[in-house]
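Common to both upcoming complexes is subunit A, partnered first by subunit B, then by subunit C.
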Partner chain A sequence: MKKITVTRIELTWKNVIALLSLAFMIAAPFVVRGSYISHIFISALLFGTLAASFDFGVGYLGIVNFGYAAFMGLGAYTSAIAAIRFGINPWLGLLLGGAAAGLLGLATGVLTLRLYGIFVACFTWFLGMALMFLIAVAPEVTRGHLGLSVPFFPNVWILDFRDPLRLSYFAIIAILSLSILFFLYYLGNRTKMGLAFKALRGSEPAAMVCGINPLKYRVLNFVITCFIAGMLGSFYAHYIRILTPSLLATSKTIEILAIAYLGGRGSLWGSIPAAFLIITLLEFLRPLEAYRFIIYGVILILIMIFYPGGLARLITRKELF
Partner chain B sequence: MRISSVVKRFGGLVALDNVSFEVRSDEILGLIGPNGSGKTTLINCVSGFYRPDSGKILYGGKDLTGLKPYEIWRLGIARTFQIVEVFPKLSVLENVIVGVAFSNSIDLNQARQKSREILEYVDFRREEDVLAKYLNLGQMKLLSFARALVGHPKLLLLDETVAGLTPGEQTKIANLIKRINKELGITVLLVEHSTKFVMEVCDRIVVLQEGRKIAEGLPQEISKDERVMEAYLGKEHIY
Partner chain C sequence: MEVTTLVELVLMGLGRGAIYALMALGLALIFGILNIPSFAQGEFYMVGTYFSWIVLSILGFGPFIALLIAACATFLVGICCERAVFAPLRKFGGGEWLLNVFVLTLGLSLVLQNVALVTAGPLYYGAPYFWGPGVVDLFGFRISYDRLMIVVLANTTILIFWAFLKRTKLGRAIRAVAQNATAASLAGVNLSRIYMITFGVGCMLSGIAGALMVAILPAYPTMGIIPLYKGWFVVIVAGLGTIGACIPVALLLGVLEAVGLIVASEGWQTVLYLIIICILLIFKPFGIFGKGEVRGVWEK
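Right, the complex of A and B next:
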């Protein structure tokens, strides 16, 4: 019951290490001051948070959304097109992107979550591909494979985005990432909704005879994770400022999935160090070009065979999945 | 609750063939029968896991057929499972909390409070923060019993609660069932293999054989009923 009752943070060496790494993570780009370092940190946080939110589906309810990158891409394109057509600023864009992905998530969820396991994975996978091709064949709106360039908003409110060190972007993604992690952790561990997720994961028949409607909670979980994907996609759009349909590809989902599994399913936070590991590793392996993506497959296989608890299991003895 | 002419088929197999009986309020009704006689199928029909092919299950004037398990739970009908179902990665206390948290107008603190009371009431003797998967079978069964009880159901369906338990644990459960019936006013419909257990605990007994009801009555009547003896032991033992 500690999970629900203890709200203060105990001062153990593990927590000290966690807080120190958090402080390091936040301070590093400000101290090191290089646009490349900033970029690595921003990508790691972005993909780590995407993976954490993906984990909120996989780790808590066993829902594998194989079109996850497409929901992120939908958020990105929505926010970009809103900015181009109507001059909607990135802050509203975040919400708009989230809402678009969340709505599609709702429709998909109601349709597919009556199905289980592999069927959900297949359906979302096909949906993701359909969405990607839809964007590719509608160049008058999305500019298809030519790429959609997103207008630049040099300063919104107090932040200056012209800074070559991209520290403003870093600050935003750091805040976004921390809030999303806390939000998901809170939902998963302090609310009835989280309890319902865990109960369903443990035993669906037993959960049903405790008054839990499986479909309702599965859809809720799905909509939440899709909303977050859309929001982060919208951040991606305004950060990278060029969108191509390949953003929605299944390979992107696999990257997110590999990070989540390496981090440790059900841990949420494990995805962040996992993203830092994988993204820096891939930077080192850049000379290998496309071959380096084999690493995702290798990591997934190794994790599944030897260490299904992932990185999180190194720190906590609690069984998460 | 009145079960009237319930039929349930699985392909060509008729699992329940026109079964009718009544569960009177505040009684402990035992449902017995040889293997494959349809006892668990009936429990699954009442709790919404199966939808009967025909017939009605009326509970307080409402037909339960076609309702989902969680809707039936909201009407005040709780159940346990033959093959024990706990939430393995949740703690003992969390397991029980799930049993009450999803009734309306209860927050997690109140749910926790009620859960502790019920664990005390059923005399559960393990730490509340141990994960359910580390419990032994007897403890798991008692835990799922507590989880079914914590939401204060009006009717409790127990599917083979004592199967596989030691005689000591069986006695404990037997006393508990009588207690919740008397003290909390919970009507109990229980399915059991052990005739001794059923004779001891139940007010009335319904006997199923191959999906048909072959007898209904007080324990002493049932123990003398020829058809029941025949169903359990075969014809040659009687003649």
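Right, the complex of A and C next:
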């Protein structure tokens, strides 16, 4: 069997800048030590990673999961309710939330992924709406619009989650998002599955001729992205610590989707700088209130018209996949 | 349960269904001709409601003028949006039209929602009634005057729209573009103009739906999401690419919803929808009247 060669990172300007910004990104909250800064960094990483895994579906196979926030919300509620009702450790809840979202994703995928494009988008959207309303009309379990308050993560080693600086949360999300990004990158570039995705992206009939079952790989892709959404959702639950059905709303999906598209479809890593840009921009423009969303919408429209490649194509011409 | 209640519910359902039919027709028209899966249609519904409210409550004119002004206003807003947003994308945008245009409509909806929020504020604006107060006695069944007029006016709009598509020169041009854009343009149809007008008409239909509902659902910046959801549901169930099939499906859905209110509260409707669409996806994946050509449409 052929040994997989490890590609060496070359010392070009781009790589140096990328590594420096990565180092900055990880170090900044520890250096600045402000709860506001760490909150912005945590949400940027969280939404950036969510957008990256959303991109794993859109960029590769053109699957628009328009109920993405609902899968995230399902993970969040699963982990929260498991912790409150059954006293399950929130660390296990991360996996549990992911598993719940992944299972729902499997059922949805098997049912819908025979179809294409707008059908999948609409079905996942209907599913998301249904989940949101179900959570709203079952207040005995979920407390509906009253909001479900969620316990902290239990303290581990030096990680103190009750600290108002929230640096432990930042450490966890940094580890989570880096490992998810590397996992997705590895999946996309170093495995047979990634090769199949690439083939399907290039031309589906040609891929089918080569013996690739499109349904199988589409469902696999869908389940992976849903699992990640659920896992990050349960992180979100234990971080924000209050859950309402509005977490599952379409506007949340649009937020994630906009980050993924601005980052550049099919680039994965582009979502992270895009998330940092958008979230800091929106925070910066907060005094403008509703006007900032007008600006945001106009920027989104302009980028989609004139630069559909997004941020990733702006920085590098070469595709990562 | 008494028969009268059931009939009254069915009449109420027909009113709802007619509104959904208007939304779905707008969506199907825009999707079929411009190939845009519009998720900004709910915002045009909102624009229609706001204009209807302005005319009815502030200017104090009658419902006909309100309807007319709301229709014209949404038509104009639709045309402006098409020129400002979709025409440039058609010109400059590269491949993967649908994935880009999908996000474009989301951006548009964000902009329209927040423009409404900035200009009108986060308040609910409603008129006490659209047509007039009171209840009509129709063959022994009681239905509110407003709801009756909604059914009548919505169905009249649909008929006028149908006549426009089938009987006028412009309508024939639109149908020709739907069949084959290149051939139509070779026959002398100005494609850019047809796209603009079609988008405007699609928006106008949503605007009329919104204007009719002003007394039932008050105007609010984010009110468009529910009609949009119902509209897309009808389009998917009826099958993409079949504009006419939307009407019976929408009416049926409205009646089903109204009758379903006896069994469970409003929140459970979405679950009912999900069940319907699951069954449909298993047995008839391209919609009741769909022909399974959707993949072609998506990749056009």
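To be clear about the criterion, the second predicted complex is superposed on the first by the 296 of 321 C-alpha atoms of A that agree within 3 Å, B and C clash if a C-alpha of one lies under 4 Å from a C-alpha of the other, contacts with A are read in each partner's own complex, and residues count from 1 in each chain.
FYI, contacts are C-beta pairs under 8 Å (C-beta built on N, C-alpha and C of every residue); 3 or more make two chains touch, one makes a residue touch a chain.
Predicted model, so just to flag it, every value in this text is computed and none were measured.
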Which partner does A:227 reach: the first (subunit B), the second (subunit C), both, or neither?
neither
Going by the contact rule set out at the top, does A:192 touch subunit B (first), subunit C (second), both, or neither?
first
State whether A:71 touches subunit B only (first), subunit C only (second), both chains, or neither.
neither
Looking at A:209 after the superposition, I want to know if it touches subunit B, subunit C, both of them or none. Which is it: first, second, both, neither?
first
State whether subunit B or subunit C is in contact with more residues of subunit A in the superposed arrangement.
C
Provide the residue numbers of subunit A that touch subunit B in the complex, in ascending order.
1-5, 190-192, 195-196, 198-199, 201-203, 205-214, 319
In the complex with subunit C, residue positions of subunit A that touch it
58, 62, 64, 111-112, 114-119, 121-123, 125-127, 129-130, 132-134, 136-137, 250, 254, 257-258, 261, 265, 290-291, 293-294, 296-298, 300-301, 304-306, 308
Which residues, counting only subunit C, touch subunit A once they are in their complex?
31, 37, 85, 88-89, 92-94, 96, 98-100, 102-104, 106-111, 113-115, 117-118, 225, 229, 232-233, 236, 240, 265, 267-271, 273-274, 277-278, 281-282, 285-286, 294-295, 298
Counting only contacts in the complex, subunit B reaches subunit A at residues 47-49, 68-70, 73-74, 78-79, 81, 85-91, 93-94, 97-99, 101-103, 108, 112, 128-129, 131, 144, 147-148, 151
